Amino acid sequence: MVSDRENLAGSRFNCSVSERACFEAGIKMATIYHQFVGTPFCDRNVSDLERTIENCIRVQPYVLDAKVKIRRPDLDKEDQYSYTSLTGDMIDATVRISLDGTEVTAEMRYDAELRYPLMFISNIKKS
Amino acid sequence: MVSDRENLAGSRFNCSVSERACFEAGIKMATIYHQFVGTPFCDRNVSDLERTIENCIRVQPYVLDAKVKIRRPDLDKEDQYSYTSLTGDMIDATVRISLDGTEVTAEMRYDAELRYPLMFISNIKKS
Amino acid sequence: MVSDRENLAGSRFNCSVSERACFEAGIKMATIYHQFVGTPFCDRNVSDLERTIENCIRVQPYVLDAKVKIRRPDLDKEDQYSYTSLTGDMIDATVRISLDGTEVTAEMRYDAELRYPLMFISNIKKS
Amino acid sequence: MVSDRENLAGSRFNCSVSERACFEAGIKMATIYHQFVGTPFCDRNVSDLERTIENCIRVQPYVLDAKVKIRRPDLDKEDQYSYTSLTGDMIDATVRISLDGTEVTAEMRYDAELRYPLMFISNIKKS
């Protein structure tokens, strides 16, 4: 079921379904990065932070699934200053978008060869 | 037990214990606001988001406790566009700082009379 | 001229040029939103903030141009509390992506009919 | 001249003037950090970003002055991927708060001995 609001939103776009699905995937990737980079965490709340990022992405339009893994140094809370802040290089994420029968999978992770936290499209499945 | 690193950090400050505890409280208040404003959420993940903000604040230095309540319109996920983004006016937070026997309680909430999401110190207890 | 690093990055993608350009456009849109929502400003620094957001987006990959206009209430700095924080609904942005001869134009603005700050693709030009 | 709104805001606080000024200083420090960490920049827009952060902090309540210096690797824009994102360790900031005749100076910079981007109060001048 497509709501009236979804039809109205769709009418604003001037591109194909798969191009729009890729645009939506890009939005989600940069939301993960630019909303959450800087967040304080340590070992005891890192899983909680991963789940919350996933859940926040899942409420955005056309998200079928979101997986986030934070790759970080061990950070036991030993004294008041033993914790860290999330950086882009620590994020390993996969988001799947589903729009009008097209599924796009986008991924983000630090690419050692590029020395860059690359966001890319790994798969498009058109029905 | 105060660690060497905590002593070293303390040596950088040029003020009283209660002034430093108030400074630490201000840091935590603005972390809640400026890290998380903009986060997408709806009814089904709002409690999860509240808990995660609390847990992220608790890993910062000298936090005894943190409570966050998000005041928002009802937001059932009815279609792809029915969710919202966190704004400062929705945040109701209380953070308690404990430093060298001094406890500071800071609060943030939308103040209708001021028309402003005020952060303020509601209590200081010196031992 | 395409650098080795750009070729390497390109090899990670599994989609068409225009789909990748749309993905890049989505990244830039959400960077504007999730990086800058919450920023304090008033009349005297709003133009400065608009230019800085544009310049930050222009350093990201494949951006040909970026235009940002902040639609806000008049905010003279009359007392200490007379300023505001950027919200998504205030942002009016256009970003153009250029990748391998394809140009994508994406826009974001508050859509009164949708009651939502919609990000959308308004034009794709394939060479 | 103290406005009615400033008097009203002041009435919410339950602490001394200097404790409140330190609280305000802490808010500004964490605003710099948590609002702007993650922002994309390179050599050609770094000064512009520094000025904009200063100007955004200056519109917040009770700020007398703000200075921001970003310590970063040289980042000529040589290819599409040659830029960086602001991290806390790059920020060197000084903010001066003035409230009811009390001036508080707070600083933030990466402390090599602590291995931590410390925010601290370096001076309080009571009139």
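By written order: A, B, C and D. Residues from 1 in each chain.
Simple rule for what comes next: a contact is a pair of C-beta atoms (placed from the backbone, for glycine too) under 8 Å apart; a residue touches a chain by one contact, two chains touch by 3 or more.
Note that the coordinates shown come from a computational prediction; the quantities given were computed from them, not determined experimentally.
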Remark   = When B-D and B-C are ranked by contacting C-beta pairs, first place goes to B-D
Query = Which chain has its C-alpha centroid at the greatest distance from the C-alpha centroid of chain B?
reply = C
Request  = Just give me the whole-number Å value for how far the CA centre of chain A lies from that of chain B.
outcome  = 25
Request  = State, to the nearest whole Å, the distance from the C-alpha centre of chain B to the C-alpha centre of chain D.
outcome  = 18
Key: Length of the line joining the C-alpha centres of chain B and chain C, rounded to whole Å   = 29
Inquiry  = Could you pull out the residues of chain A that touch at least 2 other chains?
reply    = 5, 9, 31, 33-35, 38, 81, 114, 116
Query = Contact residues on chain B for chain A in the complex?
reply = 3, 5-6, 9, 31, 35, 38-42, 44-45, 48-49, 51-52, 55-62, 77-81, 83
Ask   = If you look only at chain C, which of its residues touch chain A in the complex?
value = 5, 8-9, 12-15, 18-20, 22-31, 33-35, 104, 106, 111, 113-114, 116, 118-124
Key: Residues of chain B touching chain C in the complex   = 33-34, 37-38, 81, 85, 87-88, 114, 116
